[in-house]
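Step one of this worksheet: look at the structure below.
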Amino acid sequence: MERQEQTRRALLALFPEVITTVIPIEAVSAEQSEVAPREPGVIVTDFARTGSSLDVLCRPDQVVAVARTMDAEGFFLEAISGVDWIERQQLEVLYDYNRLDGQQCRVLVRTLVSRTAPVIPSITRVFSAADWHERETFDFYGVHFQDHPNLIRILLPEDADFHPLLKDFMP
Amino acid sequence: MDTSIWRALIYLAGLLAFAGLNAAYLGWCERKGAARIQRRIGPCEAGWAGLAQPLCDGLKLMSKQLLVPEGVDGIIFRVAPVLAMIPAITSLVVIPFSDNIGARAMELSVLLLFALASLSMIAVLLGGWASGNKYAIISSARAVSQNLAYEIPMLLTVITVVMLSGSMNLREIALDQQGGFWHWNIFRLEHGHFLTMWIAFIVFFICSVAETNRAPFDMAEAESELVAGFMTEYSSMGFGLFMMGEYLNIVIGACLTTTLFLGGWDCPFGLTPGVWWFLIKIYILIFTFIWIRWTYPRTQIYRLLNLSWKILIPFSLANLLITAALIKVF
Amino acid sequence: MTVPIHLRHDETFVLNLGPQHPATHGVLRVKLTMDGEYVVKAEPVLGYVHRMHEKMAEDGTFIQFMPNTARMDYLHALAFNHGYALVVERAAGIEVPERAEYIRVITVELNRIASHLLWWAAFLLDLGGFTPLLYAFDDREKIIDLLERVTGSRLTYSYMRFGGVCNDIDDEFITGTRDFIKRLRSRLPRFYHDLVTHNIILIKRIKDIGLITKEQCRRYGATGPVVRGSGISYDIRKNEPYSVYPEFDFDIPVFDECDSMARYMVRMHEIEQSLRIVEQALDKLPDGPVMGKVPKMLKPEAGDFYAAVETARGSLGHRLVCDGGKNPYRLKLRSPTFSNLSLFGEVAEGMLLADALAFMGSLDLVIPEIDR
Amino acid sequence: MNGYWSDIFTGSKSLVTGLLITAREFFKPVVTEQYPYEVPVMTPRFRGHIELIGNEETGQPNCVVCGMCQRACPSTCISLDGRKAEGGKGKVLTHYTLDFTKCSLCGLCVESCNFNALRFSKDYNLVSFDKNDFIMDMLKRLEEQNRCKQ
């Protein structure tokens, strides 16, 4: 568990202006829907319940900084997934970091981006795994990753002009 | 050796029949042998125990359309398969099947055989280059480097045999080994040749496997990497000729090994020499070709060349020197 | 050993490996820029068998996606069922009875052995040896018959339900599995190790080929036998214990030579470890129901859930986002071979074509799982 | 230099053992099953395409046209409808077709039916040149089964 503490302290360095509030676990899901949206910060979540031990919300421009901290801490990038919150007109990009050595600690980093012009800095420089994951998120959601080596579609045919996983996509 | 026309015609028909039957039925033996090793049955639908299978394959190959893809060097593309067959059949001329059965016993028959072997290598090169397919070009480059690397140890071992029996004529070499297996070049009890000659036999056998592009040295026609190697663009009889050429090369490799090392048509106990002993030895050797193919994975081009330059050539050179010394001493 | 030679970057030609090629075991295309027979740049092109499983997940209810999970990695389909069942059970807080957990572990481990056997056969086929394929399929057929007796299908199982498994195993399955374990243990040393592993041609073919350093593994997010071949002991069954795996004692084979031979040995040892697990699971199999109490129409409460499972190729992750409705709001499938393949471009540079294919074989790719 | 000799020695020894193993295999009996002559027996739980179960005496399908299987199917390949029974209680099945081209044999329909009206058939060699042969009418199949049972 000390790995989780160490990572939390390292990540806190990125959010100097916000005091972290260790919100009890049940409130995590409740407060997500009605109460005012969370400000950027680190929350400890119960691993057995949600599958990830740390839940970080950060602004899109902090993504590379978080990735660098994670790289320094020795994490590896497990997956990048996009979620389309169509009612709030927002696209959410979830980064999953995990550890290859014994100390189990999965960190979920989320960023919220506007649905009309989704632009996020790419972290391929830090984690080469992100190259393909980002191309896939671009392929399915249209999220444009800045200074990505070759941001082209990975799974859909090159000439496809639609982004299938958006909620308003009708085949 | 009367030179009447009848004798030539009979031998021509006999050798062509021998070549055609062998080329067809070796395919059948290979599929049956592979099946038996892999504990399945192999072709058994066409005819009794699949004996008509080669016939059906031949008909199928002939009935298919001979496609010449566009952007291909027309003449060379058509000539290459024929060029692969010609040396294979012509080298049957000098093979001494038995005492009185043997098309022509020429003085330099060993030399002729190796000249024709390199001719079939050219056919592979032309076939690969002319079909304009990238895979074929890679495969023909590999085939050339492989054949080149394996001709040197082969020739060195043949020099030892020629030195032993004193003549380049295959018939003389076979005659010199008559009278029981202790006279065969592989054992050769007198003058202490038995010390190293079995190494020469193994080196020669490995080289003949590599010469005919058979597994584990089938770099040229590596199915899982180069799809079908230099034969990729060939369909119907073009492909058929290449396959028959390959099988005939195996037959010639086996005949050469038997004549040089296993005493040609000589019976192991020196009693009843005859052509059947020659055929038995050939088919045992051909079975080992098949057996080796279905046991081993494929080597990689560097290992292949290393094996030849670093292991086979030193061994055959050492064998050459030792035999020369032994001949001088005794 | 890849001979360090000066790659002439100007005289190169582009060779398309795939999408229809005997060595890619599926429709993967690798755009190889070659200099003679050396690979200058390798760029895998994906998407030829892409079916958009993630959109299908969002259309149907939770249970209706279960048949899809088996269509992604059809060699280890039960692990995919298990992963999806785990994440939904975690989301909806469903309890799984003890016997169902044991049956899940038994069937998943048998399926892992079948997957490793097929990998071994296909890998040998890539290297040119045809006969081992038949011997491996002979053994694999026994497992498939066993699993067909229980689940009803041979390859694409949809055997697991949320809260357990859909039908129970009978005594014939148990005796059949015990015979299979005895039979495979007697065949392993002769047909798999003497005929192939100790064969000098194979050793020379895959030793020191495709060296993946620890750093590359971490940077590319590779998991499974690929990292265990590079000295990283990362196995979800031990690092993130799920189901009843903590009750069995088995060890994780780790080799740190980082080459294809190490990955080969990791998988061969994993077969023996899986046999041990199945044996212990059969000994400790408790009685009781195989299906817990589950509401007919599942509506897990909102939130983000993640569950990782160890498949034969690596860590399969399901990132489930629920909004309280009866359909998954978003289901991200983190497929292990997707990340394992992403390091192919960097490692295959300067390799011979034959070595690059041997290296790709040692990565154990299943293309539908990459393309999803 | 010793690497050179040990390589040759261990190498040739491993090659020879490989040959011996395949030689021993050469003489062992055949393992494969000759399909057209030896027909495999399906295990009891084998999942062929679904079929209706008729109760023994009357031969009528047990189905009460509740449509659970239609909703449970992930690829919507079941389409059924019925009409009011004369006696006024429940419905009688008039039309039940399975589009087998889309069915993935997952078994969710058989599980969702709690009137024991569906089961998996055991025939596996279904082959035809025409796609609509796989739009199967289950009622007709049930009648044929009843007729050949008498």
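All chains are identified by letter, namely A, B, C and D, in their written order; residue positions are counted from 1 within each chain.
The rule is short, and it goes like this: a contact is a pair of C-beta atoms (placed from the backbone, for glycine too) under 8 Å apart; a residue touches a chain by one contact, two chains touch by 3 or more.
This structure is a prediction, so every number in the text was calculated from the model and none was measured.
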* To do: Please work out which of B-D and B-C is bridged by more C-beta pairs in contact, and write that pair.
  => B-C
* Could you tell me which chain lies farthest from chain A when each chain's centre is the average position of its Cα atoms? => B
* Centre-of-Cα separation between chain B and chain A, whole angstrom -> 64
* So how far apart, in whole Å, are chain B and chain D when each is placed at the average of its C-alpha atoms? -> 50
* **Approximate Å spacing (C-alpha centroids) for the pair chain B, chain C** => 44
* Structure fact -> Per the C-alpha centroid definition, the whole-Å distance linking chain A and chain C comes out as 26
* **Shared interface positions of chain D, touching two or more other chains** => 15, 18, 21-22, 25, 31
* At which residue positions does chain A touch at least two other chains? -> none
* Asked: Counting only residues that touch at least 2 other chains, which ones in chain C make the list?
  -> 131, 135, 138, 195-196, 199, 201
* Which chain pairs touch, all of them -> A-C, B-C, B-D, C-D
* Asked: For the complex, which residues does chain C have touching chain A?
  -> 46-47, 50, 52, 54-55, 58, 87, 90, 217-221, 223, 227, 232-234, 239-240, 301-308, 315, 317, 319, 321, 329-330, 332, 334, 338-339, 342-343, 346, 371-372
* chain D - residues contacting chain C, complex -> 7, 10-12, 14-15, 17-18, 21-22, 25, 31, 43-47, 72-74, 104-108, 111, 120
* Which bits of chain B are touching chain C when the two form their complex? -> 34, 37-40, 134-135, 138, 141-142, 215-216, 218-219, 222-225, 227, 294-303
* Asked: Where on chain C does chain D make contact in their complex?
  -> 60, 63-68, 71, 131, 135, 138, 145, 148-153, 156, 158, 166-167, 190-191, 194-196, 198-201
* **For the chain D and chain B complex, residues of the former touching the latter** => 4, 8, 15, 18-19, 21-23, 25-26, 28-32, 34
